[in-house]
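Which chain is which? They are A, B and C, in the order written, and residues in each are numbered from 1.
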Amino acid sequence: MASEKRVVFKSGWLPWALLAPQAVVIAVFFFWPAAQALLQSLQQSDAFGTSVEWVGLENFRNLWNDPTYLASFKTTAIFSVLVAVLGLALSLMLAIFADRVIKGAAFYKTLLIWPYAVAPAVAGVLWLFMFAPGMGIVSYALGAAGFEWNHLLNGTHAMTLIVMAAVWKQISYNFLFFLAGLQSIPKSLIEAAAIDGARPWRRFWTMQLPLLSPTTFFLLVINIVYAFFDTFAIVDAATKGGPGKDTSILVYKVYYDGFKAMDLGGSAAQSVVLMVIVVALTVVQFRFVEKKVNYQ
Amino acid sequence: MVERRPALDFLAHAVLIIGVLIVAFPVYITFVASTHTSQEIVQTPMPLLPGAHLFENYRDALLGTGHGMGSNAAVGRMMFVSLVTALLITVGKIAISLLSAFAMVYFRFRFRMVFFWAIFVTLMLPVEVRIAPTYKVVADLGMLNTFAGLTVPLIASATATFLFRQFFLTVPDELVEAARIDGAGPMRFFKDMLLPLSATSIAALFVIQFIYGWNQYLWPLLVTTDESMYPVVIGIKRMISGGDAQNEWNLVMATAMLAMIPPALVVMLMQKWFVKGLVDTEK
Amino acid sequence: MKSVSLALGAATLTAAFALPAFAQTEIQWWHSMTAVNGEWVNDLAKEFNAKQTQYKIVPTYKGSYDESMTAAVAAFRAGNAPHILQVFEVGTATMMASKGAIVPVGKVMKDAGEKFDPSAYVSAVAGYYTALNGQMLSFPFNSSTTVFYYNKDAFKAAGLDPEKAPATWPEVTLAAAKLKASGHKCPISLAWQGWTQLESFSAWHNVEFATKGNGLGGLDARMKINSPLHVRHIENLANMAKQGLFVYKGRANVPEASFISGECAMMTTSSGFYGNVKKNAKFAYGIAPLPYYPDAPGAPQNTVIGGASLWVMSGKKPEEYKGIAAFFTYLSSPEVQSASHKRTGYLPITTAAYQLTEQSGFYKENPGTDVAVNQMIRKTTDKSRGIRLGNYVQIRTIEDEELEQVWGGKKTAKEALDSIVQRGNELLERFEKANKS
């Protein structure tokens, strides 16, 4: 890890005591159930578990032989990159401007964070409402402007829809953390730079952005994890992976198989694959990207 | 701001307004939908301006006098359950993560990195995948239908620990040295210096975790068999008929708006208390 | 002190012996009914509980069909499953294959000594949930079927007779053409396309959906929907799509909104949609039987049901099973069935209930509500009794995916149907292997 503290406290037992609560909770409520869930990837059973059979790597082999599964790797990659990049860029821009204004700041902040409070069940429905081909408000407006929106049959439209919905949900989240990060930069530093003659854009590039890098790194990792793991509800509400399989991202199939199709072995096998990918991605981020992060 | 640049200020406001319009548009639609009759909403296209039925709809949603919605007397109870759940998750998560992040950043001990990655891995397996075995653990511990069962398993994730770790790494070492010179032990340092500095992060996390806890749907659905332990989001879902029966969309939207009020309050209050109160001292 | 504890002890003993006489047997019923249907479930339980004191039915809403299924699976594995679970029709094979988990309803009724006559049930409804040997596996609870809705005002505007619904698919195409000519942007759309255009279509025309009696006869059934009639039908729809006569509006029941808003003039979907139409449509509408091809022998036969049934979980006490049986008897009574049918639009499951409803004049007052029932009160053939295939949720999704590619012009009808058969059969093979015992 590139980032370490020079100065630390010395104590034999205190760190263990501090870690203990979290360690216990994740051992009991994450690792134990997760191990059992992943074990299912080596089994084939009926939904209720009344007959369980060990099948070794057969679930994995089935995945490999399924061309639609392999195709969804590409779909997921495109989706995740778009969601992470757009989500971070847009919210950073909004946070910088929100940090700058004094009048109406609270108003903007509340309205920009509020959408995060929309219950996911309702959010999915709203997006359908707005984009339903022909009758949704947005598609109606697009149609009036001469653009035929049809995410039901057009794969690109469908991908655009889920990217927009996923980014929308994350903008509030990213915005909040970027804003918190910006506001914890001491104003004295900014003032000093301004007095030195640095203009706002320059101040942003040479001072605020580097000082924001811990937050940016945090959000980058979180957004990638989000795009890979937490977006199935959006796909389920908006396109269900369609048209055809154009918006079928990896995690959607995990959720669908485990939840709707009751294929617990297959779903577990896919989870293993997905976990491996994201852990690898995260290690890469920590190893290479974190080097660029400016902690002090 | 630092200097007066009217052009930049104008741009800032413009961008923010556009941003708000786009980002808040769906919320606006929810509001508009909650002020019409269900017949008006399903016409093409949906009306964009608020309708005349605001009071009726909200009264129906709160009192359960809508077409066949007799069971809505439980809205108050559901809001209570949601509130307690959200607060427990928020406070619990922030507390244990602060401690863990502090331990991992400010101490050296064996397996430190192992713990870090172990905590991190909790982000890598969606809850739906491990939900059946987690349910079994909770059932075996006798925690079904309890607030503990609703909240403790959800405290297990790494987001907060990771965020605090990021933040603590930016705290200048001089502060620690100063504390040690003063003879303050680690916990004094933690309480008197680190916590106040972390105010903005804690506030942000408080908002996020509160809303996360407030909007929990699947886990409460599974872990409670007693409908009096259902949070508000389940109540909303119940009104949305997925199958054949007709939807009272206007009432669903009204309930959704009501359910957004506590999180919205949290957002506004957090800004007032934490961000202004503790950060302003620096200005 | 001793006398007090003796007295307390005596009191407790007496209470302990007295309690069973007052203790109610609680029966947990997990369901997925929302909104008005949720009220219906609660009322059924309330009325049954009020009629007697021995048993108490406790209904709990457990989310959508998928969610409550997951909840039940998790609960079962943890040892506290509910007594009664509402499961959607496509989950039938999954429930049946979990042999240790369920108790067939026929057995529950017989063991409890309840009078139970399978022939009183409408065979097209109950047959879906019955084993080949006649034993009823689950209790049909909320069943709907596929019907045809049309916008009478739009018909009039297009110069069509609003009182005459197109009865055959060729007539539908003609009507669609006329509607389009009169400026209508979406003459026809289809909801639940797998269910309406493949499953119900097959039963309605008395052709096989899958071998082995559509799967009722064994786990080695394989799909057969790439037959000439099926290909012809999907090709027709594809042509209509190309000409703008059929506009695809999404999967499941999403397209229904476009009928209500007046955008689409004709729609095939569930009979349960009626309540929505009645309340929200701002135009005159009609309900008619599903269209058919007049040159197909045996058409129209009967349509296939959708909806859900009640399954009884295993591992409960005999007293509790008695209560379940009593509840099911209550639910089957003609009065309760008729009232439920009138209230929700779901099909009555006994012929007696249908007759009672007819006598009450309900169908006269609410024209169109008997269409669904009429499509079902027929003698079924072995090709039309129902469908029971494993991994069926996934097969339905495959149907959606492949059909979407046809409507989008990416595949021909034959290619898509062949693909459905191939991918579907793979899943059926896997299901067979996983449930061999």
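Here, a residue touches a chain if its C-beta (ideal position, glycine included) is under 8 Å from a C-beta of that chain, and two chains touch if they have at least 3 such contacts.
All of these numbers come straight from a predicted model, not from anything done at the bench.
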Using C-alpha centres only, name the chain that sits farthest from chain A. C
Report which of A-B and A-C is connected by more C-beta pairs in contact. A-B
Compute the distance, rounded to whole Å, between the mean C-alpha positions of chain A and chain C. 37
Rounded to a whole Å, what is the gap between the Cα centroids of chain A and chain B? 16
Of all residues in chain A, which are in touch with two or more distinct other chains? 134-135, 259
Among chain C residues, those touching two or more other chains are 67, 70, 73, 77, 257-258, 261, 263
Which residue numbers or ranges of chain B touch two or more of the other chains? 44, 132, 136, 237, 240
Which residues of chain B touch chain A once you look at their complex with the stated criterion? 1-3, 5, 8-9, 11-13, 15-16, 19-20, 23-27, 29-30, 33, 44-46, 48, 95-97, 99-100, 102-109, 112-113, 115-116, 118-126, 128-130, 132-134, 136-138, 152-153, 155-157, 159, 161-163, 166-167, 169-170, 172-173, 176-177, 180, 185-187, 189, 197, 200-201, 203-204, 207-208, 211, 214-215, 217, 233, 236-237, 240, 252-253, 256, 259-260, 263-264, 267-268, 271, 275, 279, 282-283
So in the complex, which bits of chain C are touching chain B? 28, 32, 34-39, 42, 60-65, 67, 70-71, 73-75, 77-80, 82, 144, 253, 257-258, 260-263, 270-273, 275-276, 279-280, 282, 307, 344-345
Show which residues of chain A lie in contact with chain B when the two form their complex. 1, 3, 5-11, 14-16, 18-19, 21-23, 25-26, 28-34, 36-37, 90, 93-94, 97-98, 100-102, 104, 106, 108-123, 125-127, 129-130, 134-137, 140, 168, 171-173, 176-177, 179-181, 183-184, 186-188, 190-191, 194, 200, 211, 214-215, 217-218, 221-222, 225, 229-230, 232, 251, 254-255, 258-259, 264, 267-268, 271, 274-275, 278-279, 282, 295-296
In their complex, what parts of chain A are in touch with chain C? 44-51, 53, 62, 128, 132-135, 152-154, 240-245, 256-257, 259-263
Report the residues of chain C in contact with chain A in the complex, numbered from low to high. 66-67, 69-70, 73, 76-77, 91, 94-95, 97-101, 185-186, 247-252, 254, 257-258, 261, 263, 391, 393-394, 397, 400-402, 404-405, 407-408, 410, 430, 433-435, 437
